Amino acid sequence: MIAQLAMATGFALILIGFYGALTNRNILRMIVAFSVANTGVHLVLVAVGYMNGRTAPILDSAVSATEAVTRIIDPVPQALVLTAIVIGMGVTALMLAFAYKLYEKKRSLDIGKFTELRW
Amino acid sequence: MVSAVYIIIAALAAAFILGFLKEQWRGLAYVITLAALAFMSWVSAGWVWALGWQGAEAVDILTAGTEPPFAINLRMGLPEAVLTLLVNLTGLLSALYLKEVLFRLGRRSLVVLLIAIMALSGIILTRDIFNLFVFFELVVISTGGLILLSDDVQSNSRALSAGFKYLIASQIISVLLLVGIIFAYHATGTLNIDGMAGADLMALQGGVIAFFLMFIAIVAELKPFPANGWALDIYESAHPAFSAIFSAATGAAALYAVDKLLLIGGVSWLPVATAIGIVTFVVSNTLALSQSNDRRLLGYSSIAQIGLVFTVLGQRDILGDDYYYIAFGVLIAHAVGKAGLYWLSGLVAGRGLTDWSALRGHPLLIFAFLTFVFLLVGLPPFPGFYAKWELARYLAAEGRLALLALILFGALIEAGYLFRWFGYIIKRERPAQGVVSDPLKQVVIFAAVVAGWAMAFLWGELSGRANLLLALPLLFALAFLLLEWLPAWFKNIVAISGLVGYFAMTYTEYDPLRLIFIIIFTLGGALTLLASFHTSGKRIGFYPGAMLMYAGLVMLIRATDSFDFFAAWELLTIGSYFLILRGKHSEPHALSYAIFSLAGAFSILAGFALAADGAVHFTIQSLSEVATPLAPWVFILLAVGFMTKTAAIGLHIWLPGAHAEAETDVSPMVSGILLKAGLYGLMMLMLGMGIQELHGIKLNYVMLWIGALSALLGNLMAIFEEDAKRLLAYSSIGQMGYALFGLALMNHLGWLMALMFVINHYIYKSMLFMSVGGVAKRTGTRDMYRMGGLITLMPLSFIAVMIGIIAVSGVPPLSGFGGRWIFYNAIMSSEYRLPMLIIFLSVPVAFLYLFRLIHTIFLGQLKDEHRRIKEAPFWLILPQMIYVACLLVFALVPGIALRHVDRYLNDFFPNGGLGWDGLLITSQYGYWSPINIMIIIGVIFMLLFFWLLFVNRKAQKVKQFNIVFSAERPYRPETTHFAWNFFAPYRKALGFMVQPFVTLFWNTITDFLHAAANLVRRLYTGNGQTYAYHLLLFVVVVFFVRMGV
Amino acid sequence: MIKRAAALLLLTIIGGIFFTLLTGYSADENLNLTAQYYAENTAKDIGAANIVTAIIVTYRGLDTLGEVTVLFLAAAIVGLVLARSRGAGAAQTVKAPVGELLTTGSHSLLPLILLLGIYIFVNGHLTPGGGFQGGAVVASAMLLLLLANPVKRFNHRLISIIESFSGFSYVVIGVLGLLLAGGFLDNRILPIGEFGQLFSAGAIPLIYSLIGLKVGAEFSSILSNLSEAEEL
Amino acid sequence: MSALILAMVVLLAVVLIGAALVAIKGKSLPIAILSAGLVSLIASVLFLVLAAPDVAMTEAAIGSGLTTFLFFFVLSRVRGGEND
């Protein structure tokens, strides 16, 4: 139940993020919207790996190596999310650099003003 | 072998080492980068060698010392090796090309480039779906970086906004991909691609949607229509060397990613791939039609090509072992060609297509351009050609005919805009700015040229067919590329000796039918080449084109396999296109020739593919064995293809311009010689397939009508022409109509007559084009009403024309009459009355225009400005005199050629042959004695001549200007010329028949295509947000299409 | 308005796709094949208590190498772009220094934060956290310095050398895995050691520390480049 | 216990969605950026609940921490563009 709830929230964040990216003309706002969507994706990923009543995939005094199979949740999605978070941050940084450069050229952050290339 | 993981290691190590260097040590940083890229290429090349030639097995490379699926593994098999080699070499060459830019930007730009190439290799090598995602993100970021760097190069914000649009799209893509991956993982419990493929994802809970999301995300990287606005903008604005990487390397890597993904999806997703691919291919090519910016055009073309490869991926289920041969054929041709063109665009200063005419002074660069265009269009001998052929074979065998038609349609459009572009280069005014001279960049471009030809050779070797690049005629033609620096006269000698020599070497190998054609193509070709001695200078471009055409013609006759036949057909088409393009005002006509010819060629391709029914080797002879339901369609497709070449009515609009605008010595070649290729094809077809019926209609009956109408309308159009060369061109349409009619009669005499036409038409049309060309050269005009009275100044030309028109019109005593005689015999013995009537009608029509050639050009009053004209140059007159001799000989003893053929035809049409009794020829209706006729006519002529002399002995000689204009000078003086609009009354009566309906029809189609392209491309508003809508719309549409199925 | 409607329509359909996924989802009762392998074998093969770390550094090390490269790339590009923006003669407007309290506070906090970051990444194989988190913490120390002193200039060359050193060493360790152990990025080039100890799990602490250094350097580089960018 | 956690998750979800809406619709850009940071922060709490401490730490440090600062750095350098 928790997993489904988190997953639904994640999907909602993705959709909200996409909606923001599709309707905001301001480039910075688009980037913000995408970072919301990315957070949503991370939630979905982690939620998929969640298993009710199990613990984090760390072996310690509470969970020994022998009983790990029955006690821990799936570690793979977590590893993937870690990677995804860092990559997302890289892309965001790049987009911000673009935003800065775009503003430098046109003194505007309106995506509708950067349409010299078309057709 | 060096493990493939070192490709990744080398790039990363080099990238990290660059950080240690001081910003100033740019040379060192550059060298390290080049070394790393060279090493990466070397590793890939080693694997290509090991896997491709030494039979090594594909290897899985484990990381972390753990078996997959628990750790990421890479795979190095032949496809991976080839693709990584492609990617790394593109990277290496682009790095060389970018030397100046990279030096200016410093080490961090080198890092970006290195990582981009590494990530592309990673996409190709990895077998883990999430790892694929990581590499994709690396590609996205490095592409964004490369674009940012381009921005500096051109110092505008265009590239910058394009890059941002790309990042928007890639954000959406990565969200979809991640969601897809995690649910696929949840369903299968693995991230390994092969593991997922083994787990039958489709059958699992949520599996279909999970796969859909992954699929659509990766497919979006292929820039499918319409979700590709951002890609177009990048292509247009980025530095050409980055566009080269983006097009060649990124495209290849993304395609391979989809290929891997389709392993998971299985067969049920192949139709989706096919649909997306083909829509992209056709639409993008259509959109490219209305582009005027070179890089954007190349962008559309890139997207289209990737779409085509994607379509091929969608045929995986039927392509069997040839899957990679075909897919890689198309892909590598695209990659080399597109990278080459982008690199080339860096040398051209202007961005308009017409600015490329700056290349004109650089034959080597033009050669490079052509190599790339050939690669893209898939012309022989390049890999795309082989791939196209095999693909058509499979598609036809599986009955995927609509797809085949769409592919050929798209390819035709692509050829259209690429050849139009080539026309601009050759014909348009050269811009003020020339070509950027940069030796390093040129080296890179020629590396691509060499790669293209090497691939051509390789694909020929792998084809399991005769390697086109080992065909002697083709090699001979290509050798002229190396002789281009020599003077034209020398090349002419080589060309003539080549043609004659080839005939001498091989003449024993042909049956009588083929012998006639080979004589016309080689000896006849040599004869027309005599005229080329009149030119001076180097005449760059003429000999490769001409010899390519002759090579194609010769190979056509020698071909027994349908593949060889088709390859020869394309070669002769291209060669003649180059020849036609040389004319002063021939740009649009050459283009229309190229498009019609290629369309015809594709029709032939489809016909053969259908006929072969999947068989790898299909000989021309086996046409007779094609089974019934297919046979009429095969017949139609092939016939349409061949009739395009003979310019049958409806498919003829390219001919008048092409033949008339060509150079003086080219017109005889493309008219007298080239048209025969179409007839040869028709003969092969009809010998093989005989009389076919479709819905109860005999197809040869249809062709009979087409022949008759061509004869009538061709002649009618000729009579209203003022332009002497156009007149001759229209006349060819009529003449080919007769020949077609004769063949379609499908009886002995009809064929004999057609062959008679083959010989006669070659002789007199070549001759007439030469003499009229000579006159046009001397007078500076082709309009007949601007000429007159040239008989005294150009007597030899006059004789040639007179003999020529006697022969054409079929009056005794020359061989034309013989043709006509056989012809009348032939139609007497046939039951088709109505078309026969039309043919009869068209004969007097021919008189009307033929007589004008004598009357208007040579008789009447000499124009003042022509008083000092000399006879045509010796080298133009010489072949004409030889033709006159030939005509006389052939008229006297037609049997030297025809009796052999007559006997040969007995095998096919046993009844109704002629009797050959010494010099007397008999048919069931009468006999023909050429010698007697000649004597009788000679006597009558002399009598008349002397009688005329006698009655005119007292005639007063009037000086030419012994007349006075009684009124003011008319506004358009030529309208008062007696020869102007000579046949106005006929035009009133018959003009309705020569309205340019056909031209109108084809123009409407062209306009429609352009209008559609202009409408659809409005889709690309330039707004990055709109592109995001397109992308999501694409996702939704594909979802509904797939789930609806 | 049409735009909003179109966005809503498209997203409703995509939401529908997500909804199908959601309703079709049921959590696994048992670990799937891959996860089970990790649960059973990580301790004995890799020797790391934190299985996520084992996956990140070893099993899926190639991903992580790519991930580090993403940051490296992003830092390089941001640096390249902004460095060029700064131009030659453009003088930076000098801002008034911020208050004494923040300056002093940040200086005294700095070592603590750095220590915390280092602690996080060297213990990555034992406890939650690792190179990325630790690196981020290290970078936050730099951030603090920047906040305290906006005109502060970092030594880009030093950052770049740290970045390159850690990245290069990472690759070298990876290659050692290829040469000495089972494959590229195999951590068993060092003894696995005693489970649960700091110096255990083979090369994982080493790799994760290098990642931490690298990530810290990269974040610092991005941050400082952005902070040095001229106001437009 | 489980009900408590469930309630907490519901609460977090509601706040998350609220913050996300503010992030895309918020009147001023700084508020939008802060809300996006908040989304990340709350998400990292949710990650803890979902037994993913590694992810929680990363999301908190990188997603809500560093990214937010990046936004502000850029925002402060493109002053005029805020309201485009």
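In order of appearance the chains are A, B, C and D, and numbering begins at 1 in each one.
One rule holds for everything that comes next: a residue touches a chain if its C-beta (ideal position, glycine included) is under 8 Å from a C-beta of that chain, and two chains touch if they have at least 3 such contacts.
No experiment lies behind these values; they were computed from the predicted model shown.
A count of C-beta contacts for the chain pairs B-C and A-C puts B-C on top.
Chain centres here are Cα means. That of chain B falls 54 Å from that of chain C. Chain A and chain C have CA centres that are 15 Å apart.
One finds 59 Å separating the Cα centroids of chain B and chain D. Between the Cα centres of chain A and chain D there is a gap of 11 Å. Within chain D, contacts with two or more other chains are made by residues 53-54, 58, 62, 66, 70, 74, 77-78, 80. Multi-chain contact residues of chain C, defined as those touching 2 or more other chains: 3, 7, 10-11, 14, 18, 21, 25, 28, 32, 34-35, 38, 50, 52, 60, 63, 66-67, 70, 73-74, 77, 81, 128, 132, 222, 226, 229, 232. Among all residues of chain B, those that touch two or more other chains are 130, 134, 137, 141, 144-145, 148, 179, 183, 186, 191, 1029, 1032. Going by the touch rule set out above, the chain pairs that meet are A-B, A-C, A-D, B-C, C-D.
Contact residues on chain D toward chain A in their complex (touch as defined above): 5-6, 9-10, 12-13, 16-17, 20-21, 23-25, 29, 32-33, 36, 39-40, 43, 46-47, 49-55, 58-59, 62-63, 66-67, 70-71, 74-75, 77-78, 80-84.
The part of chain A that touches chain D in the complex is made up of residues 1-3, 5-6, 8-9, 12-13, 16-17, 19-20, 23-29, 31-33, 35-36, 38-40, 42-43, 46-47, 49-50, 54-56, 58, 73, 78, 81-82, 85-86, 88-89, 92-93, 96, 99-100, 103, 107-110, 113.
On the side of chain C, the complex with chain A involves touching residues 3-4, 7-8, 10-11, 14-15, 18-19, 21-22, 25, 27-32, 34-36, 38-40, 42-44, 49-52, 55-56, 60, 63-64, 66-67, 70-71, 73-75, 77-78, 81-82, 85, 127-128, 132, 195-196, 215, 222, 226, 229, 232. Chain A meets chain C in the complex at residues 3-4, 7-8, 11, 14-15, 18-19, 22-23, 48, 50-52, 56-60, 65, 68-69, 72, 74-76, 78-80, 82-83, 85-87, 89-91, 93-94, 96-97, 100-101, 103-104, 107.
Chain A makes touch with chain B in their complex at residues 14, 18, 21-22, 25, 27, 30, 34, 37-38, 40-41, 44-45, 48-49, 76-77, 80, 83-84, 87, 90-91, 94-95, 97-99, 101-102, 105-106, 111-112, 114-119.
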